[in-house]
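Everything below concerns the one structure shown next.
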Amino acid sequence: MDAWRTGLVDARDGQIRLRGYDLTSLMTHGSFTDVIFLLHRGELPTPAERRLLDAILIGVADHGSGAPSCATARLALSGNRQSVSAAVAAGILAVGDDHGGAGSGCMEMIATGLARAKTESISLDEAARRIATEARAAGRRLAGFGHRVHTTDPRTGILFELARQGGVAGDGVAFVEAMERAIAAIVKPLPINIDGALAAVLHDMGFTPVFGRLVFIIGRTAGLTAEVAEELAREKPMRIRIPVEYDGVDPRTLE
Amino acid sequence: MDAWRTGLVDARDGQIRLRGYDLTSLMTHGSFTDVIFLLHRGELPTPAERRLLDAILIGVADHGSGAPSCATARLALSGNRQSVSAAVAAGILAVGDDHGGAGSGCMEMIATGLARAKTESISLDEAARRIATEARAAGRRLAGFGHRVHTTDPRTGILFELARQGGVAGDGVAFVEAMERAIAAIVKPLPINIDGALAAVLHDMGFTPVFGRLVFIIGRTAGLTAEVAEELAREKPMRIRIPVEYDGVDPRTLE
Amino acid sequence: MDAWRTGLVDARDGQIRLRGYDLTSLMTHGSFTDVIFLLHRGELPTPAERRLLDAILIGVADHGSGAPSCATARLALSGNRQSVSAAVAAGILAVGDDHGGAGSGCMEMIATGLARAKTESISLDEAARRIATEARAAGRRLAGFGHRVHTTDPRTGILFELARQGGVAGDGVAFVEAMERAIAAIVKPLPINIDGALAAVLHDMGFTPVFGRLVFIIGRTAGLTAEVAEELAREKPMRIRIPVEYDGVDPRTLE
Amino acid sequence: MDAWRTGLVDARDGQIRLRGYDLTSLMTHGSFTDVIFLLHRGELPTPAERRLLDAILIGVADHGSGAPSCATARLALSGNRQSVSAAVAAGILAVGDDHGGAGSGCMEMIATGLARAKTESISLDEAARRIATEARAAGRRLAGFGHRVHTTDPRTGILFELARQGGVAGDGVAFVEAMERAIAAIVKPLPINIDGALAAVLHDMGFTPVFGRLVFIIGRTAGLTAEVAEELAREKPMRIRIPVEYDGVDPRTLE
């Protein structure tokens, strides 16, 4: 088998370098968030980029034990307390389009919208109106907008303010705000939620859509590990029994 | 990297042979259960062995959507409907010592008990009494005994009857029955449950303890895939929200 | 939380019934393949259906340790020998569109093709020609056709013969054969492979496309568990070290 | 079903508080590492604790694509490129006693050693000598010592220096250093490696042994996500084919 090629880790001579930087130097001077940025982008972040990535990772770390990711991890542990790896992995497996996936979905919409504004020579507002109109006609939900509780999502305000202060806010933030206006006019008022906000900011920081999903996984691992540790410390094996009601066929016998 | 060595699948010349048998011959003449036996043991089963392995796989296939394995698969799917692999894998991750693990635990106890009867030159009943006495003193549960609902587990009767009819029942069944008597005398009456029964029968068929756990995973995959298919067909994304009550510290502010 | 509703398992009164049938009756009289069919379809299979499902499960059970699913399971075990659940689950996670996913992809194409023949009032051959022509124009591969080694796949012959003998072969088999002719005429001769064959047969047995992927997972679990057991028995922890070549940036220092 | 109780996340009124702190305040002022510490310990870290946890997370983030965790993630992706969750989860499943588990193993040994020094009224050096002597007699490896390449592990020096500078170093560091001396005297010189070093420091920061494994999972997720992103960007599906050599029984035929 040919050797795999990688530009991430250089481990020749027993010394480990991440993207060219010696691991022990990074341990002494860097933050974990620096290294997340470095591994994914190949360069260390500016202070503004670090601040934003920290805010995003914190913003998705844990929203409650009942969310699919955290609840899946606890349920797996309930039957299998010998492996915390298995429980954390099970939690990550609940991350998909419907849970933790709106960020990457919205990043794809931003890329599409900006490309369209350019190729069709229209304003961001017009591109947003066209996308909102088409989504409404197709009955398709737009990732990154709407919230079960809030009419404005406070985390969105935080991220956009940090992005503006740091000089990071660009086309991504502008387009998501144009989409919010277009959706309000064409569908109904739906606030930019945390997924829409982090999508805009990650776009403006130069990340590709797949990172929208990966950043959720990285941030959520902080919460998943804490949920797993709490379950181990406070609860007994097999304590979780989901109530079930059978509504299938009546008893019958094999001939 | 050196090639991996394996005695399972021979795929030279594009023809596939499992343990020496041509795959297309097995497809024409064998049952899936035959091939499970073949892959794990290197030989095809006798009719009695096939009947018993079928009964064991069926016996663990699915006991209800609320069990940790099935509920974990459904919860993972609730957030991530794009990947049925992820949901089935999450379900398998809930299989551990407390769920699906009693079979292998009991197989280890059988091996220990039989070895002890031999090395200490005592009867199976005496070996069983010593193990039950020690477990009671240590406050340790014995895997394979006791049932939440039944005073006798009907599945145990089925397996032991099939094992006797087929001439498979041997020391394993005898020792588990000795353990049942010893536990009744020393602790309290606890019936041999499905895990204890399948452990005894698998031991007498020549399987090693790890197969006690693997057979649960194989059989349960039938149920997990059906649970996943039903969840996809009947339910909406994010439909599962576990109720949570916070009992931690009061709100506080960052200085 | 409301109870979950299910039509699969009825566990009231401590007695377990799968789709209405008592578990102990199934253990006594049924095969594992019967129960896989029952759980997914709600009825027991006819002898011809059982024979075909056995053949399909056997056909995908294991094609070699180096395939992504089996190799992933072995690699996971190399670092984590304490949890066979984790290793089997890791193996299942390698099942996707590119590995084990062609069956469900082909089942979707069959459903599309048959619907198109009906709504466009054209023959199956004409529908097949249109689909092959469009795929060629789009540079899209057609799931279920082509083989790295064979010019005809012997497993396809087996499945189709069993399907014809059993009176199961119908529109699905006919359409896949029409596709084979159309592809040969329009693109180049590509044999119906195991994925295309099982897709056709599962379609004719009334299964939905998602089962095309689930049946691969069920069958492959037989192989994954055997690979895991062989790895545990024959190999040491951490024995697998993939050779890696770094081709990233040169060493640099933090300012 | 009763509500689950948790002290981690308070999500009443749609506002999210982690361990009492408002999520938006943490997003504005905290680092991701602060929140990892907070979720696991219930308090924010001191600057010295933050520095050490950053160093530990960075120290385990990625040691190369060929390690079981990273290679497992890449292999899973090779067959299943549709789900990055599945690939990252597969990578985490390779974390166990033999890969990423030495930290928690060493933390357990530290706890045992310190308890023993106290109850047997002996010095740390004497406790270390007894443990090293017993391990040698039993042929048991001691987690946290030895390195394939280095005679001293540079990451250990970094962590211990940071721990001393920050006033965090205590009994844990002292005991691991006593173990290093005892092992050198009784077995052979084996340096404290990164696992031993992080175990000592995490012990002195007040973490329990299970966190030794969880911190590896959190840190490694940075690397796993980067490996997955690089694999997606640079490589094709199914590009990985592990070479396999069959050494099982010869071809045979079904009677």
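In order of appearance the chains are A, B, C and D, and numbering begins at 1 in each one.
Keep in mind that, in the parts below, contacts are C-beta pairs under 8 Å (C-beta built on N, C-alpha and C of every residue); 3 or more make two chains touch, one makes a residue touch a chain.
Since we're looking at a predicted model, the values are computed, not measured.
Counting steps between touching chains, the shortest path from chain A to chain C takes 1.
Greatest Cα centroid separation from chain C: this falls to D. Set side by side, C-D and A-D show the greater C-beta contact count at A-D.
In the contact between chain A and chain B, the residue numbers used by both copies make up over half of all numbers at that interface. To fit its Cα atoms onto chain D, chain B must turn through 180 degrees, a value rounded to the nearest 5. With centres taken as mean Cα positions, chain D sits 31 Å from chain B.
Centroids built from CA atoms put chain D at 37 Å from chain C. Here the spacing of chain A and chain D, counted between their Cα centres, is 24 Å. In chain C, the positions touching at least two other chains are 1, 4-9, 11, 26, 30, 64-66, 80, 82-83, 85-86, 89-90, 93-96, 240-244.
Every residue of chain D that touches chain C in the complex is listed here, in rising order: 1, 64-69, 71-72, 75-76, 78-83, 86-87, 89-90, 93-101, 237-238, 240-244. Residue ranges of chain C in contact with chain B, taken from their complex: 1, 4-9, 11, 13-16, 18, 23-24, 26-28, 30-33, 35-36, 39-40, 53-55, 57-59, 61-66, 74, 83-86, 88-90, 92-96, 148-150, 154-155, 157-159, 162, 210-211, 213-214, 217-219, 221-223, 225-230, 232, 234, 240-243. On the chain C side of its complex with chain A, the touching residues are 1, 3-12, 17, 19-22, 25-26, 29-30, 42, 44, 80, 82-83, 85-86, 89, 93, 242-254.
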